[in-house]
């Protein structure tokens, strides 16, 4: 971290300021120029609050040279993280490290027939995980809120029938014990900075899928990841799912530059959710292919056997037929990129 | 709600679609033109998911005429909500309904001396509530996270010493019992769509201060309010605290048009937080005055006796002297607007 | 267009309002329900200003069913527009209609050696057009503003030497006669809503490459296209080049969902500029591939033989070696999509 | 400007890089620490392109300490700029320097009766300038584009009849000679970065009102101002008129923090346009008052005698009655702030 000192700052008060910084365990590299005095802070600055420093009356500007995250940082962990999850059939599914992993299923679990039918069709098309919502974060208190525990039961039953491990969203840390048979716990975009939840999940032993908040930066996503990693849970997957913009054409703007950005800054696997990002089923195949071309490690896609009758988000769900055809295309993309789907 | 049907839609499938809508308890007003068929949905459409309707293959576009919130809606509750809170001295503080209410105090509670000193100075300047963070949502797991329970104790002690009721943020619903002596529970911007938390707070009997999420729309804020109101807690205050933009000059953009917008759409009191919105102490007085001119019912302002030494967000805290001088200006603004500060 | 009338609107004033609309050449379809009166406007509503209608005291809401653009609209022109440009060697280059077209070259023309060297290398790698800036829109009046006329001369010389047709930006309509040997005139993002310029270009006979403004919606881009088409110039190419967001990681956010959106709404070819969008050379290959996977008809990419010495935007230019390797990958992507590069 | 050098950079290549910088007329202050080497650039860095520097392989990060604008910078011009304009009656109108100046009138000039009636009513209410559009930038080529020259004539006639100096938008530099009787030339938001236009206006002797582009930063607005100032035209007024956001409630978000920001960074007068920013007539009074409370030097407000019949933007125009009542309130606000309306 580099601090530009305000012009005309005299010796004693500068000395006091340096002493203050040294008390935080940093070594200070002082460079006095004719017009500009600069302090270089040497040591671990991840705990230093750059904004708080800005409040000091001697400080002109602050430049962070190192990123404020450590465990999520590729600089300290150059190799890709590979996450392995054993399915109910004993087979391993891999996420990251040269694999392409597709998670698919309905937005909400609705009936035993629906979830089983969708699970079978996505398995046949090549999905590695079944996704489905049991507890649903809904903007309106009057909208369908998911089947809750019964939804979880239906998901687990579909898992047993198809052998697909499951991923579903946790909204309340008290439900954690209900999630025993869940293979990956999803943290939704609206909870990306629910630090209470992140801290609890950092202590559990389940893999976590962390979705980017719809107005959070790359750095903020990696800081949220840092909460989970810092507590000891290193089985973490990041997910880009669209950010807010001024254009109402799509629900959100899918930020595919987040994929190479996250892969460069971090060692964690990165998957993309084109369904929630665009909110438009007809756009999902194009954006799914683009995500893979941009370097994503996988996708999470909404599939519904009757999108028109879906209890939520039907307009963004593709049919099993469209999904199967998309998977065929994705295999050819995986080939080009030397990845295994 | 009005649904434009796709051109060329025939009789039977349209009949089926209408039957489907009628099953949701709505009466359908069919208008068949030569080029455009339009359905008017009559009845309570707050539970209807416009996005889900868009998924139906017969639907061209959907227009919501009524807002999706009901209890927060001024249409169904024309009079301003007035919230009264009794201080430890027995005196009443009012929020809304022609009063101007200022809440002030440090970002974080740090020491007994600090919180008491700040509490005294803001009381003397005319603040009606003491604010202070005990549990702090921090972007980094390595930043100071607040004093927690001990912070709460210090706040309560400052409340007793000064007679100022207190407002502080709740991050974890399990802490609710610790908040017995807290007068207003704050829901932070990052938790505005933590629906689990909102639902729990809808069942408690404490007034709630709900901050707008930094990328949430006016409608989404009112839907979050609806969660709290729908559960039976009608002592709710809304707070504008800045939204994300592309310009890094201020931390967020203070959206003052949210004030007249929220006052028109809803009966709930609306206060403004210029400190978090701008992140710049020198800008706080200008934006505080502008908020009152725009029609806000109050302000929540960060005041610190030593901003430079603050453990968090010092650069946005004004000194007690600046705060006192601002309060003098605000009294003159209140006069013009016929409000009581 | 559908207009929801305010509840309680009586007979005579509604009649007057309908008469007012009929005077604009529209036929009105009146649907009176018990709680909601709706007007359907039949006829050509492209000239109707929906915002102006909102000002009328009887109007509750307005819903546009048809898009406000006509000539750019795929509905009225279902087939892809294919643009053919004859190079100095007599060979045809195609844009749109199943072709993949890559335009490449330096941000600015700097010296004869530079532009010729880059032109040769991008030609060899398979680029179909040479791009290069002669007149540069720069945020600062003190930055290098391009070589102007001399830059144009150097571009034309490079065109003759290599046989590559050229694309370059026009900032001032008075320069039009200088652009005689330019093959495609670029309208920069900052001029997308310079309607004076658009109108002049609608009357010229050169193909135009219209870049999306950095905070313009899909609809606004198509309305800007409509200005050019309405004047009679139908050789128009659209270009997505990144939109503003809150995240400083990349200069702009490349909005790849704009590609399927524009292809669905319009028949015009759509190319993508990953260099300006991201501002980061290392990210260009990933985003270029993603653009093709999303369905783009081509790319415009900055290539510089010495990025470090570039007089502008060097940090976003790839080297000729990186470009050649990218073109190899793109050929494989083109194969999958059944397109010809 | 401060440059952090990449770790491990050796002596010779660093020497070459320093020599390169010195050739640009800068003196380099080298500070070599154990883990971080930092260069301080001493001298005039306004012409240095920070982004281009980022392309150099030795550069880790760049921190601008000084702003890239000079003539617009309050640091080099501490006193407020005061602009005086003589009206047709010989009386002076002042903008800046402790005055509050209100410009009012219709969005578009429509008929002699309309513009004269509005001019009279706004004059009587206390407006100092008449605004009105003759050449209108419209998103759609099919919308009313303004009366053009005839509109200018009508404006000038209204000026003579009322004695109010006039402000109107210039879209095409060729119209400059038609603007002889115009007192302030407006540059619209869409042309804020039309550098060709700015450069021409920098050479003319008319005061210029420069509107902030709807997705331009504070710094970009001041750089656009710099174009005009650098050419010798120092009679320049800045105008905040709303920026793009994700919330459709208002057309744009009025960024009132831009007012204190611009006043701190620059010496130029700053006015606010609440009409275009919000697009909602009922919100204009609240935001106009807030703008003055935030420290604006004036306002530009749309007033129409028959908003419902306006040919453009009627929904954002207040009636003469509302305007007169607003002016009464504003006088009381001016009093508090010690300004003269």
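The letters A, B, C and D name the chains in turn, as written, and every chain counts its residues from 1.
Everything below uses one rule, namely that a residue touches a chain if its C-beta (ideal position, glycine included) is under 8 Å from a C-beta of that chain, and two chains touch if they have at least 3 such contacts.
Keep in mind that this is a model prediction, so the values were computed, not measured.
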Inset, instruction - Using residue numbers, check each pair in C-D, A-B or A-C against B-D and return the one sharing over half of the contact pairs. - result: A-C
Inset, instruction - Sort out for me whether A-D or A-C is joined by the greater number of C-beta contact pairs. - result: A-C
Inset, instruction - Mind checking the centre-to-centre distance between subunit A and subunit B? Centres are C-alpha means, answer in whole Å. - result: 27
Legend entry - subunit A-subunit D separation of Cα centroids, rounded to whole Å: 40
Legend entry - Distance between the centres, which are taken as Cα means, of subunit C and subunit A, whole angstrom: 32
Inset, instruction - For subunit C, write out the residues touching at least two other chains, lowest number first. - result: 215, 244-246, 248
Legend entry - Residue ranges of subunit D touching subunit B (in the complex, touch as defined): 215, 217-219, 243, 245-250, 253-261, 264, 277-278, 282-283, 286-287, 289-295, 329, 332-333, 336
Inset, instruction - Under the touch definition given earlier, write down the residues of subunit B that touch subunit C in their complex. - result: 2, 4, 29, 31, 33-36, 38, 40, 42, 60-61, 63-65, 215, 244-246, 248
Legend entry - Touching residues (chain side subunit D, partner subunit C) in the complex: 46-47, 49, 51-52, 54-57, 68-69, 137-144, 171-172, 190-191, 193-196, 199, 214-215, 220, 223, 226-227, 230-231, 244, 251, 279, 281, 307-308, 310-317
